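I have placed the structure first, in the form of structure tokens, so that the comments after it can refer back to it.
Going in written order, the chains are labelled A, B, C and D, and every chain counts its residues from 1.
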Amino acid sequence: MDFTETERIRDLKLRATRFLDEFVIPAEPVYAQQKTEIGPWETPPVMAELKKAARDRGLWNLFLPGERGAGLTNLEYAHVAEITGRSPWIMPEALNCSAPDTGNMEILAHFATPPVQKRWLQPLLDGEIRSVYSMTEPLVASSDANNIDTLITEDADGLRINGRKWWSSGAMSPACKVAVVMGRSNPDGEHHRTHSMVVVPLDTPGVNVLRSTSVFGYSDSGHGGHAEILYDDVRVPRENLLGELHGGFAIAQARLGPGRIHHAMRLVGMAERAFDLMCSRAHERTPFGRPLAEQGVFQDWVAEARIRIETTRLLVLKTAWLMDTVGNRGAAIEISGIKVAAPRMATWVIDHAIQAHGGGGVSQDFPLAELYAQARMLRIADGPDEVHKMSLARRELRRFA
Amino acid sequence: MDFTETERIRDLKLRATRFLDEFVIPAEPVYAQQKTEIGPWETPPVMAELKKAARDRGLWNLFLPGERGAGLTNLEYAHVAEITGRSPWIMPEALNCSAPDTGNMEILAHFATPPVQKRWLQPLLDGEIRSVYSMTEPLVASSDANNIDTLITEDADGLRINGRKWWSSGAMSPACKVAVVMGRSNPDGEHHRTHSMVVVPLDTPGVNVLRSTSVFGYSDSGHGGHAEILYDDVRVPRENLLGELHGGFAIAQARLGPGRIHHAMRLVGMAERAFDLMCSRAHERTPFGRPLAEQGVFQDWVAEARIRIETTRLLVLKTAWLMDTVGNRGAAIEISGIKVAAPRMATWVIDHAIQAHGGGGVSQDFPLAELYAQARMLRIADGPDEVHKMSLARRELRRFA
Amino acid sequence: MDFTETERIRDLKLRATRFLDEFVIPAEPVYAQQKTEIGPWETPPVMAELKKAARDRGLWNLFLPGERGAGLTNLEYAHVAEITGRSPWIMPEALNCSAPDTGNMEILAHFATPPVQKRWLQPLLDGEIRSVYSMTEPLVASSDANNIDTLITEDADGLRINGRKWWSSGAMSPACKVAVVMGRSNPDGEHHRTHSMVVVPLDTPGVNVLRSTSVFGYSDSGHGGHAEILYDDVRVPRENLLGELHGGFAIAQARLGPGRIHHAMRLVGMAERAFDLMCSRAHERTPFGRPLAEQGVFQDWVAEARIRIETTRLLVLKTAWLMDTVGNRGAAIEISGIKVAAPRMATWVIDHAIQAHGGGGVSQDFPLAELYAQARMLRIADGPDEVHKMSLARRELRRFA
Amino acid sequence: MDFTETERIRDLKLRATRFLDEFVIPAEPVYAQQKTEIGPWETPPVMAELKKAARDRGLWNLFLPGERGAGLTNLEYAHVAEITGRSPWIMPEALNCSAPDTGNMEILAHFATPPVQKRWLQPLLDGEIRSVYSMTEPLVASSDANNIDTLITEDADGLRINGRKWWSSGAMSPACKVAVVMGRSNPDGEHHRTHSMVVVPLDTPGVNVLRSTSVFGYSDSGHGGHAEILYDDVRVPRENLLGELHGGFAIAQARLGPGRIHHAMRLVGMAERAFDLMCSRAHERTPFGRPLAEQGVFQDWVAEARIRIETTRLLVLKTAWLMDTVGNRGAAIEISGIKVAAPRMATWVIDHAIQAHGGGGVSQDFPLAELYAQARMLRIADGPDEVHKMSLARRELRRFA
């Protein structure tokens, strides 16, 4: 194991932290204010300024390996992702590193045909448009991806899509122009050779964006919400297929590894933000004659929080390092591990920070309640904890069979 | 201990359950729809119909002991409160049994002067107006009520109030007309002889309702939100004092006992609602080849939930019975106990119901996320868990000193 | 629900508590001393004195309903069982109310033929001998009773038993004279019509008591340990069959209900003993300048412990009351519930009492570590938690199918 | 951070693992058998053979940095310590790496006068004798080391020691020849300049080894138990003082850092042993028609265990690396962190392995119950969890003051 903070990592962290402190944190109240002024689904204008500033500072598309992006390893990017998690509604987008665009760009870069790459990947890389990932469905237990029931059929004219999706995050935003859609193309196929993935421009006839679902009362409006979309006999050309026909699972799998590092490290950053708020607050409030910071139960939370944050961060870094060195498959146990460990740690830390803030903690006066909602959602998104634990356990138990 | 379900309790439960099934549950989508149509702080019109129906059926002011109310014991009312918790945004209000009106009516009935009772208690009993309880403050650790810093001074003209409050729930509603305000009147007084409580009409000059704080992303709009109020040199006549000058703590204490039974039993009802949703859903969803209802981890949640709900319910019933037989003081350990146990149980059950619903669980398609926010808030409101545990422990440890 | 502490219950509690304080607690050091002096499996002589004293005071066979015993309801006896749990190695035996004799006496009273009752039930009721229940087996997952593999075959001479059992508690004691053995008699029979139960005198040829298994490091020597027994072609007459041939499951089931009340209430008593020790100790120790009793984290444990003990006690009392009024079947959910809740609560409370005692807590200087081992064992004995949760959940989920 | 598994670490792990598999695991039943044959406090003879084999293979004194030992870094040794934890009663001693000898050798090497080093350090390094660390006292809350009350006074003849200690581990063994004793020498001194540490040969007049305390029911007999020792006017020459007079706290502190790495890594190894046992067993047992390995609740435990083990191991490795690079002080938060995290993780994993083994789990047929007792003890030894959490939290909160 080698998590050495190389010179390169130290430099990246320094630059990202400066950007956070000098641009992002000061922009938070501006962003919040602008959100109340523009329509519900528009992106606050300050975002364009932040994007420009980030790009000027070389903090752009850091998530993307290889020539198209910044060429960082997963381990290197992980450190940046943590810092972006301190302001999770603003900084990832400012750096063009926010989900689901990151995952979509990755699979477009690997699996899309050249015309599709030109049409959709380039503007995404330039932060000019946003995209949506249409996988989860309201009518089936999507925690088991085999259940996905949207139909993709092939005919002479290309591909035809019929089905209903939800949690298509971002699609309420006018800036969101294109979807990656997973559907069943081969009902009787072999295991994991049953589904395909296609690129669907959102202005294609038959694409009906119906409404947005909320996350604990929050609409995630700045990001374009979480749309329910009816794909009603939508037709796209064959070139919009990603990878092979019926090869959707392999693409979904490839997409997941890095995405989990990103989510997990952002959660570490979210937890650190909550930790800072909790510790600062504790010096300012004095219930029962002593500052909260000197009270035993509160100190217990601080110690627990530090232990949980630190152990989780280490596991994510190890996972990133494994992905860099032995690949997704060799890191499978750890990838499942962080998918479970990181949101749980973050919800724990944030929940205790809320409690330490009293009524303020659940309100809009601190980011804590919304951080909680985000972190809690991540115990469900991309598969609930239980599925990842099952998968991890089966892999371990195989060794003893 | 005698929790016998008397004939009277059975009758009450039957009538309340019928009202829930025939009126309240069907009204839920209507209420939700109307909320989207009226301005943010208005009460949905269906509420008036429900109130009338409840009153016609003798389900009115059941919370209030003695002649003014239904004359129920705490134990008897507890059973009703559980049923109202199944639809906590609608049924308590429909029965004129919702916080903070219930607590306010109780203290008005016990401690207000006759003119104040006539002016404010009667319309509250009739469900014509709503009221607010102004205790918590944004600038101090209000978990320790000694910190409350709003100033109440007496002069020849009466009482003068200066201070800032928040979590003054309900005050955003146009129907809300009067506040009960706690403030410091005797800074150098003996322990618990430092604060007073006064009745303040909301249209008094100097009462500035500034904004509402949210609970996670929810505004509790139907109920009139949670207001921040600046009391800026507000003057009320001496007759608006509740009880004795500097006797505010005793009143606050008297208010709390029954309130905790109400909250705790509603939480039991909220948990039962989540339990039902979780169990029903589990028969409908089939991840990985077997219905969720047949999967081990899910069954474990069901068993845990049932054990937690049942044990908590029993503790609340015992507490109610103790209050009826030996009074608040004799029930002090149990009152602290349910303040801690009930919201914790409910958040646990609801959180697992959310997880069992996947994305639907955090969304507006099920009441679960909003139930969670309510239950979580109750680990803070009326004093955070930690304060009640400290108080319970000190009482126990005294026996061994 | 009616848990009224009747005059009769109050009287029982008073007498049992007096016996505890005046006889049992003072006998604890004597018992411990005698154990070091006699051989490993003998009963300390003080037990005979305690038995006599208990019998003289009408505290004898209280567990047994009907004419043969004290005629108490389950609810009435539950209160006594809690008190016996405060000294679980001495008081239950002193009152002739200790497992497995209690369960064995119950089934002998219900299901044995008259000659067997005369030969074995009477001396057990008189506390002259002890008995063993041979169910669990080392070679199969006995948490699923269907796996039990000891063979019981019938021929012209009677019944023949072949198999290996362990956790046959008490059989190491010279006072233990008879076993109740469960075995497979009907391999191809219908569900729950496959096993039989027989009475086997321990001096029957072929009964080989091989060794004792320990619980953590404790041998439970005073009680006769936990024996592994090889039944090697053991023959008993047909009259030794309990109930019907192949009717063993029904008997096992009947045995379990009351047994779970007994165990659960003793666990409540064990937890109360640990609670008392923890609270007393906290006034005597002063780490970091303040008595432990005034430190926040410790107070948190006290409050948690009180809440957990109280809620669990209430659930056990409700279960006892249900068994008295609607029978085992109507109380099935609650019986499973207390089987899970009581040992968990007790291990939690005792574990924290250990922690509050530091090194003393794990040592022989306090009963805490041995109480922990007992309580922990009860998360496994009579079926592990997981089986009971599964059973409870299935029953609940059926309502929603 | 750089946890790179260097060539040297890989080689060490390989050799240690081979020694475990080829010598230690096969010696376990021999050791157990010999323990039943020799008197209670003797070391089983097989240990001498194992020590020789280890020394022959260069697996000797690996814990000790610098020339006297193997010259390993903390990070390098940590990997070995984990492997020794798989057989914690045998392998550490076989490698001359068992507590409290390791810590004693470290402080003798750093702080003893040359004659004391010659007399006591050398035979310890050669594994010829064992030693004891006498710190904890039965009469005070030793979790706060300031409470330590044994008196050390200086006069013309040297040092005089009076006091009572317990948990002086190892002193029941005839092989144990010397104690390191901490006592109060300067009652009115400044903070942390109040205590001294001295070397006391166990055959000095006035040293009374009174009895041994057990851990749950285990006596740790192979290791010489845990002695209560009365130091009754014991006199030693001035040269037996370790370091400066009144400088005991600094020595105790220096001793603790590496010791915590050792304990924590052994706990990781203990947890891995339990994990292996649990997973193997799960393929062999089939309750309710499916192997335990295929049941959801069990799989959940496996995943949880893996996540907890892995995150804890990473934190310990990071701590070791920090100690190697920035020293004890720079690693203070992490040292406290692993003191809390490792025993908690291990007790969790072992407890679930016990549960998966049913009755076998608590018995002598598997090492699980004794592993649990060891791990549980380590939540108390060297200071209870609560003290380390307090210390960690204070350090963190200082940043926000």
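Going forward, contacts are C-beta pairs under 8 Å (C-beta built on N, C-alpha and C of every residue); 3 or more make two chains touch, one makes a residue touch a chain.
None of the values given here were measured: they were computed from a predicted structure.
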{"item": "Rotational angle, Cα trace of subunit C fitted to subunit D, multiple of 5°", "value": "180"}
{"item": "Pair of chains joined by more contacts [C-beta pairs], A-D or A-C", "value": "A-D"}
{"item": "Subunit C and subunit D, separation of their C-alpha mean positions in angstrom", "value": "37"}
{"item": "Gap in Å, rounded to a whole number, between the CA centres of subunit C and subunit A", "value": "52"}
{"item": "Centre-to-centre distance between subunit D and subunit A (centres being mean Cα positions), rounded to whole Å", "value": "43"}
{"item": "Contacts with two or more other chains, residues of subunit A listed in rising order", "value": "296-298, 300, 386, 390"}
{"item": "Residues on subunit D engaged by subunit C in the complex (per definition of touch)", "value": "136, 138, 140-144, 147, 166-167, 213-219, 226, 285-288, 292, 297-298, 354-355, 358-365, 369-370, 372-373, 376-377, 379-381, 384-387, 390"}
{"item": "Residue numbers on subunit D that touch subunit B, as the complex places them", "value": "295-298, 300"}
{"item": "Contacting residues of subunit D [partner subunit A, same complex]", "value": "1-5, 276, 279-280, 282-283, 293, 296, 298-304, 306-307, 310-312, 314-315, 317-318, 333-334, 336-337, 340-341, 386, 388-390, 392-394, 396-397, 399-401"}
